[in-house]
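One chain, chain A, appears in both complexes that follow, with chain B as partner in the first and chain C in the second.
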Partner chain A sequence: MTPFSRRHFLSALAAGSATLGCPALVRADGAAGRVVVVGGGFGGATAARYLKRLAPHLQVTLVEPAQRFHTCPFSNLYLAGLRSWDSIGHGYDGLRVAGVEVIHAMADDVDSARRTVRLSTGQSLAWDRLVLSPGVDMRWNALEGYDEAAATLAPHAWKAGPQTQLLRRQMEAMGDGGTFVMTIPDNPFRCPPGPYERAAMVAHYFSRHKPRAKILLLDAKDNFSKKALFLQGWKARYGDMIEWIGLSDDGQVTRVDAGQREVLTAFGQKHRADVLNVIPPQKAGVIAERAGIVDASGWVPVKAESFESRQVAGIYALGDATLAAPMPKSAFAANTQAKVAAAAIVAELTGKAAPVPAYANTCYSLIGPGYGISVAGVYQAEAGRIVEVPGSGGVSPLDGSPDFRAAEARYGDSWYAAMTADIWGQPG
Partner chain B sequence: MAVKPPRVWVSSVKPARGEVVRVRAQIEHLMESGLRVDPAGNPRPRNIVRSFEARLGPQLIFRWEPGIGIAQNPYIEFTFLARESGELLMLWTDEANATQEARKTITLS
Partner chain C sequence: MPRSSFLLRQLSFLTRLALFLPGAAGATSLQPDDVALLAGTCFNCHGTNGRSTTAIPGLHGQPEARLRTRMQDFRAGSTAGTTVMTRLMKGYDEVQIDALARWFAQAGDRP
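Moving on, here comes the complex of A and B:
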């Protein structure tokens, strides 16, 4: 990011909060009512926290099934053995202290006419505004042979949880000289650089414990996020261990046999795996469908200024579930979208003008210890669309110095610490 | 929308001398037959891939002239005997003289 864009971003943020008004004013106006937030990940937990911070009199309820939320960001480092499972898990006590009511349940259905949401506990919550941050669900059988049962044999590990731990156990059980095969879907999907960071993290583990292992990536596209940087980093750290096959070279997988750990490509080539990691095509989390905010693409169209649904008034959607391109489906993107949506909701409930949004994203990826790379972007709403601010953002330089790579690895660690403290930490 | 590049699979890019090399190739092309009409009832002008050629270096090893019976995104599979190393060049040309090409380096092992 250039100094210019950083200044621009900060000034845009400042403008945003000026329009929004300080919390004291909001309190004077008595922003009353109830906001229910579904999903306690990067989008939802941020929204709940910032709603309460901006309008302390607002009743804010967060619905999330997990007692501890394990993050997809840094779950690849867990696979590598560089992070413990506990270190990527976060509880909700910090949000409770901040005044957010947290209910551990699934949201089963939304009635947008009566403005209620029904929980798996049978309880029904009324809302004045609803925020859905449901993440992604897998499109089972979109890839022939890959359904929920297949995922217990060939894990996707694309939601941090038991799937991630299963994949790690399979890596540990694999013999030296085995082949790890990963299938990668076409865009859009959660975390565009994620599969390629995972390849590096799996290679890190293999290079220490099974140096004769191979990693084969079968990709349904020819280009991917930070491609040149990944290809360079893989080579530098792991030699020929990682082989990537793109669409043009028959990398698209069309059928999965999870029992045999075999995949078939479009041109009929069979690949056998010792560990098979299938990252299937995805869609918005199912509660978004129930709420009627999903379009034919399977994702949620939103207003660029506020992340309110384009289809149902009063419902906001955040993060990976939304159609927010050019913003990627990333944790950082969800976090800034949540802050904008929280400000927009509070402005609306207090009869104030909508704030001017500013969005930002950075995705750090780790190639190995002391070797990090990144991509960054700054975005704004323009004529109902999200656009990248001209001249902002960018990617790490190709052929960066070892010091540069080491610094970016540290920035990645700091990003994770700062982000998780902002969202799940104890209020300071 | 940008047209995706041709998709090619070769059984081996490092074949032994005399080995049969199998090639599978596909491009994205509408293969407009000239028999269809648009919503206003006017015929859609015919434009199909008129020629596919594969060469190993200067040597023509395979040629195909698809007709209008071939569906869109034409797929072709052929084999050749590996006698020498060289660049395998595949060239598709349609009736508007638009071309697409793909290359693979074949090295005898």
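Moving on, here comes the complex of A and C:
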């Protein structure tokens, strides 16, 4: 497919030892063929970009319906009024400049025997390797009464888009003294600290505009990510505005009446809301089911070394859709998984050994302006499983000074800028 | 132990041939591709190839010895005022820290 290019050969020689990272000769001519990537979010867009970076002659096609991708990270800051909607949107020109072919469509079906994927445009794409990073889909009706129609009244806002904007409008329309109720699912779900950061960001907005408002969190668990730090931060910034009720105190919601904005708990208690935010149980994006890579859990089992599906050879899955515990379902995790998968695919197509996989995560959460907290972890593949490197990672210290919290708020901003530039930015 | 990257590459190639792909845990040798992948876990904060445009310091082209010392200090937990690096660096061993310091120091040729 790729004709041998003398110019590339010479420039590879010229680059010589400088390109310590990747032997240029192999990079330029080895990896031929086509990789189709479905989903232009954190996992998919990273994979497309790094495939091209590692193997410029590889044909890489990214399939994503949205012209602009709005990120879940920092969508809570949008709810708070600390970020504009535009500032959390990213287009695909940077990926195009990097040589990725971007097709704005949905992938409707995968034929893993013929190695094709059918798009909503009717077009069919052939692939040598397929990467699926479709994120999550909601398990409609897993929580009684919560289906797609209910979500138009009681938004989940767990995919950044019209749902997020709807929730913000409802917050604006709510009277002072109203109650914002959020229901939170059991693990696993997208972004373990996300609901608790949202509570803080909604509280930030209320504290400015509706100081008598209440926020009630009904949780199907007793423990959650960075719990002690969140409880401390909520109290420090918002006093008693946020009330959290865990599983043991009847926090588990079993039924939703979106029309009445009412929820029912496991022990039969009713809560009425003025704004109702239901974060429902989730599963891998449906295209993963179509591709036959999902197991009974609703998620995608993958090989720890490469994120190739354990069920169908040649198909890789990334990000929230996968069973990657102890890695959380985070944008940061999806980004490092995508880099590993891209390197594994290029190695495979060039007949080399795949590099040693390296994974990491850091999730920053904002309690309020100038008050940030984080959780970090470093992971590796060991005997076919992903494990956290012993002794690594952890959460911000509980006794962190105001300066420490301010620094983490600033670094959270930096993380967002660096991460989105690494993925959607113009090539440097 | 000073050694040219060329020599290192030959050595690690031979080691790997002999040992059949050592795992990441306690890795005794790292291929150039391994190090590039490892460095990718830093880009989300320090910028692609360590070129930062934010409040997080850039790594790109910094002196190798300084990068190594900083990382070793983070790993030992002996750096006041550090927010996240003390937690992250405990996930990287001496060999990895060495290779990362060299990779970012030599990143000058990369965009």
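Just so it is clear, the second predicted complex is superposed on the first by the 403 of 428 C-alpha atoms of A that agree within 3 Å, B and C clash if a C-alpha of one lies under 4 Å from a C-alpha of the other, contacts with A are read in each partner's own complex, and residues count from 1 in each chain.
We adopt the following convention: a residue touches a chain if its C-beta (ideal position, glycine included) is under 8 Å from a C-beta of that chain, and two chains touch if they have at least 3 such contacts.
Note that this is a predicted model, so its numbers are computed, not measured.
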Side-by-side fit of chain B and chain C on chain A, or clash: fit
Chain B versus chain C as contact partner of A:T152, first or second or both or neither: neither
First, second, both or neither for A:S248, with chain B first and chain C second: first
Which superposed partner A:Q67 touches (first chain B, second chain C, both, neither): neither
First, second, both or neither for A:F267, with chain B first and chain C second: first
Partner chain in contact with A:N223 - chain B first, chain C second, else both or neither: neither
If touched residues of chain A are counted for chain B and for chain C, the larger one: C
Per-pair minimum CA distance [chain C against chain B, superposed on A] in Å: 28
Sites on chain C touched by chain A in the complex: 5-6, 16, 21-25, 27, 30-41, 43-49, 51-56, 81, 83-84, 87-88, 90-92, 103, 106, 109-111
Contacting residues of chain A [partner chain C, same complex]: 15, 17-23, 50, 332, 335-336, 339-340, 343, 347, 352-353, 355-360, 362, 374, 376-382, 388-389, 391-394, 396, 403-404, 407-408, 410-411, 413-415, 417-419, 421-422, 425, 427-428
Residue ranges of chain B in contact with chain A within the complex: 4-9, 24, 26, 102
Residue numbers on chain A that touch chain B, as the complex places them: 222, 247-250, 252, 265-269
